[in-house]
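Worksheet: the structure to be examined is printed underneath.
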Amino acid sequence: MQKIGIVGATGYTGFVLISTLLTHPEVKITLITSNTYKGKKISGVFPLLKGIFEETLEPTDEDHKGKCDAYFLCLPHGSSMEMARRLYDGRAIIVDLSADFRFEDAALYEKVYIPHIAKELIPKAVYGLPELYRDRIKGARLIGNPGCYPTSAILAVYPLVKNGLIAGDIFVDSKSGVSGAGREAKLGSMFCEVSEGFRAYNVGVHRHEPEIQKEVNKFAPMKVTFVPHLLPMNRGILTTVYSRLKEHAATKDILALYRKTYDGEPFVRIVDEGAYPDTRFTRFSNYCDIGLKVFEDGRIVIISAIDNLVKGASGQAVQNMNIALGMDEAAGLKSVPQYP
Amino acid sequence: MQKIGIVGATGYTGFVLISTLLTHPEVKITLITSNTYKGKKISGVFPLLKGIFEETLEPTDEDHKGKCDAYFLCLPHGSSMEMARRLYDGRAIIVDLSADFRFEDAALYEKVYIPHIAKELIPKAVYGLPELYRDRIKGARLIGNPGCYPTSAILAVYPLVKNGLIAGDIFVDSKSGVSGAGREAKLGSMFCEVSEGFRAYNVGVHRHEPEIQKEVNKFAPMKVTFVPHLLPMNRGILTTVYSRLKEHAATKDILALYRKTYDGEPFVRIVDEGAYPDTRFTRFSNYCDIGLKVFEDGRIVIISAIDNLVKGASGQAVQNMNIALGMDEAAGLKSVPQYP
Amino acid sequence: MQKIGIVGATGYTGFVLISTLLTHPEVKITLITSNTYKGKKISGVFPLLKGIFEETLEPTDEDHKGKCDAYFLCLPHGSSMEMARRLYDGRAIIVDLSADFRFEDAALYEKVYIPHIAKELIPKAVYGLPELYRDRIKGARLIGNPGCYPTSAILAVYPLVKNGLIAGDIFVDSKSGVSGAGREAKLGSMFCEVSEGFRAYNVGVHRHEPEIQKEVNKFAPMKVTFVPHLLPMNRGILTTVYSRLKEHAATKDILALYRKTYDGEPFVRIVDEGAYPDTRFTRFSNYCDIGLKVFEDGRIVIISAIDNLVKGASGQAVQNMNIALGMDEAAGLKSVPQYP
Amino acid sequence: MQKIGIVGATGYTGFVLISTLLTHPEVKITLITSNTYKGKKISGVFPLLKGIFEETLEPTDEDHKGKCDAYFLCLPHGSSMEMARRLYDGRAIIVDLSADFRFEDAALYEKVYIPHIAKELIPKAVYGLPELYRDRIKGARLIGNPGCYPTSAILAVYPLVKNGLIAGDIFVDSKSGVSGAGREAKLGSMFCEVSEGFRAYNVGVHRHEPEIQKEVNKFAPMKVTFVPHLLPMNRGILTTVYSRLKEHAATKDILALYRKTYDGEPFVRIVDEGAYPDTRFTRFSNYCDIGLKVFEDGRIVIISAIDNLVKGASGQAVQNMNIALGMDEAAGLKSVPQYP
């Protein structure tokens, strides 16, 4: 059994990691940490776990190096790079769920976020989107787990940009459930400020835009416009992408291209022509569902759906760990989407 | 007091008309009809109205011609044109909330909907978007009340297309609360099929697309792509429009153009630079809020919000009636948005 | 026009007061205060009010004595009594929405809450439940506006306890929307901690229990058990009361007693036999709806519904002000319940 | 591998059975039926299952006798008894999720429901509440799976009534998510008729009341009053029970009695003193959580929470099958509750 540490275990991604890893046949959670709740049982923070998992939270700010075979960092950006530096030993896998190791280009990271204090680790880090970078993830010891929005957006456009089929702008209209904002009390995440309302936020200035942009630009030069919106629901991201193909193609041919591109992928499902994804169909699972329509003049609409806390965060993190540790990529991730 | 008839009063638009008109100082509801609930008190259908408005529903299928000064038709398309023909006398105002009189071009209507059986009335009908057609509404006796999505989309792009500022495609990504689907029991509108999920529907084939398209094309030739989505909430439409300006302009200049275009409009509010509409801020009111951002290379995002049952339906219908009858345009529509 | 001050205007009760008073024909809001947002426009806090009401917030901690004809205090308990002492002049009406003047017995207040620092005002205060104490409210200058749960519970049992019909325990099972918890950011009010869940809280220790108990005990000696629950919705309280009648009676006879007791009340509606209240039917209105059923052996279930922010707070506060100022009791409160 | 048939597989209980049994290590679903969707793939009805489980629905109205080792009947009452008669062969296990085999007394069943047409099977049926009747379930071939409300109510009061500790009435105030109403389109289950509202229904006439009553009366004679309410959420039942103990006892002593009564039960969790269940903590799991408080004068409040579709229906059905087939009772039911 591989020993697993979850650093910063009391947020939503921490909870989903715990509940996912508890069903994983080859790992054992041996370390959970929190500065706020240190010394408390995790089942006191998440009463759902009562009778199932009753371990005690250790302080995050302690030396945990060498204790585990894999660490998941569920810390704010900034704290994460510091922790990575403390834990990195070239042996244990570190999957960082913050933005700190998502950018190959430190200068771009620093433009979008803050000064980077662990630049020496950036060349060792791999962007953990398995559908694009599985081979590199295999040998990695430090994995920058992608953002939730970028996961949904990049998987939606990858077959097109990889094959140079897009002309012009890429408009990415994303809608996320509230859990994407984390588990800290703030006015904008309160029930009465979210329920029965819908709004865009961070229009054109969201930090996931450069993350999408840099991935798109590895293949093609076009501009990405990204507008996130806040859905009055807990989980799920639906991303609707608008663009134009260089040359008109039939919807079924582009769907065939998507099926071919993602052939063998355990967690990408291309829906049938005329059908479109619903976040409901991926809820509590690691799937990314994708559907699309091409118009008679080459305009194209692509729609993708994920569970932001699973494929958009903790599930993908486990998928990355599985790959890096050479285990069954889907181990612990075989749950069926749940409904209603 | 003007006598008002609501034909088909037991749906959501019927309810909102009743509750709106009950606060209108110059009208009195003298006729409410329903075939399904005929002979029943309206407060039996909507217990909210108990002690407030207890009138009895008359059969829709009876001769109501000449009884009222204004009629609101809340019937399915097809039934509406038939009813309009029966009620039209060149004196009473008819505001039709269906699609039957929204298209000046019968052939286009028939392509999108069904054969039109009251074609002689089409030339008499006015498209009831006051911000564009107030002058024509003033003398009208038959008003085709706009669709909810088109109201939000057209008001969002009108200042741009009117002034010939747009280059290229117009991508309209709209999200609506469930009340837009009406008050008939259907699987797709059930709580467990809507709550905690989000999906696109009728991608590229929704019948509001040609309605938006024909209005845009009165000013400019560009293609409109329209994708509606279903929000897990009761009321509200947020529309996010993506396009490109012919020439770059500052956000504040375009906002100034919007303010000028809608100057004096009682129900359009242009939000400040850097802020964006929230459906919550227009809920239970007749406002349409609009915000926007121009990017450094001319890409533009425009966001509008309305309450789909008020400015998107019954409130706009009352606004149209007020104009047509020469009353205060805002009479009955002075309610403050409600929250939370 | 009477001049109105709202002290602490940036919470939910403040907003509802503003939106209610804006439709009131005989008053004008001349003062709104907030320490947190002082100097800011209220429409910056509540963008719903943009273009409707754009006044600037003054600091709460300033001398506002003598400025207004009526003050509404929307402050936490403790702060409220201090403010009442500062504003009280025997002329202006003070309606306090906190608990500070709800208890005639200072010792009981202090047992439940904190030391009372304005005890000299307690004898001047009236418990502002118009259906029970209208006559006393008429001359009052200081009104302790009832708690939301107590309003729903007391109105539900008053006709029975007043007439000495109850035997044994009174079990009060109440369920409230989240707005009852106020507009401060806290973990327990976050969307993801409320949505798709339901729980009891403060079982047997909620501070509204003594408030209900003391009102019941004015008429009868029985024990009240009170369990509040948190509903995943914005507004509304449904209270289900379980008890036993001393002697069996027919449901219709007890309903007749309720109708007689509340005869002429503008805001109490007794529903028909076999029907029961729904919070939805009172939403955004000042109504309290009540229904009940008597079982063959004298057990009785009484159900009441209110909007916790209207009849349970700001609406009732305006009703109290109207009575105290000798105006139409329903002025500003004529809005029709809104749905969906 | 045991062969499993799900008769009537396209409702919510059918879906939950499928998703549960797919994770069960010792069974294989070999038959799924539906008259409405016969010939269609189940993944066409539930797109969540795409790529996971793609079997074709057979007609319900065909001879399926002898095909499976265990059948789950997810049919309306009436249809279920007919199907049970057709499938019963004294070998295969039949777990009926309808009410048809919940009553040992045919006359009582017929008073509450409809004439019973398979009375000869009633003596063979066992009421499938494992915590009370595990020994009888072991040898059973026909199991009447309990109602959702009765499961929550009976488990809440069983330790008290079994030990004769209750005096007087038992008031059961239950609140359920909408999925309890099934997956058929009806006005009362529509999003706009449920969201942002809360109501009681079937007050004193719900058919689960006699089911709770007959179980209570096996131990003690007191009357049960049952009022169900509809929560604006998908899943979960919270039941709050009010009663009186014959003699006062400390909360911790009654909690100890509950712990002892349910000692070794895999799916009952007694919460700590001062804490209370939340439906959120049992969501998507087979747990029933119970908490309680005794007042100084013997009044008692007991609160239980379940997922109505799992412990209240399909999960308990699988638990029953596991017991009857002599497998690990928790097989397939080891999922961790999910949140948010």
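As written, the chains take the letters A, B, C and D, and residue 1 is the first residue of each chain.
Quick note on the criterion: a residue touches a chain if its C-beta (ideal position, glycine included) is under 8 Å from a C-beta of that chain, and two chains touch if they have at least 3 such contacts.
In this text the structure is predicted, and so the values were computed from the model without any measurement.
Engineer: Mind listing the chains that sit against chain B and also against chain C?
Structural biologist: A, D
Engineer: Write down the chain pair with more C-beta contact pairs when A-D is set against A-C.
Structural biologist: Ranking A-D and A-C by C-beta contacts puts A-D first.
Engineer: If you average the CA atoms of chain C and of chain D, how many Å lie between those two points?
Structural biologist: Distance between chain centres: 39 Å.
Engineer: When the centre of a chain is set as the mean of its C-alpha atoms, what distance in Å lies between chain A and chain C?
Structural biologist: Each chain reduced to its C-alpha mean, chain A and chain C end up 45 Å apart.
Engineer: For chain A versus chain D, what separation do you get between their C-alpha means, in angstrom?
Structural biologist: 36
Engineer: Give me the residues of chain B that touch two or more other chains.
Structural biologist: Only 12, 179, 192, 195-196, 232-235, 278, 280, 283, 340 qualify.
Engineer: Which of the residues in chain B come into contact with chain A in the complex?
Structural biologist: 168-169, 171, 173, 175, 192-193, 195-201, 203-204, 223, 225, 227, 229, 231-236, 238, 240, 242, 244, 276-280, 283, 293, 295, 297, 299, 301, 303, 305, 340
Engineer: Help me check something: in the complex, which residues belonging to chain B touch chain D?
Structural biologist: It is residues 12, 178-179, 183, 185-187, 189-192, 194-196, 232-234 of chain B that touch chain D.
Engineer: If you look only at chain D, which of its residues touch chain A in the complex?
Structural biologist: Per the stated touch rule, the residues are 12, 15, 18-19, 22-23, 46-53, 179, 195-196, 234-235, 269, 271, 275, 278, 280-285, 287, 289, 334-340.
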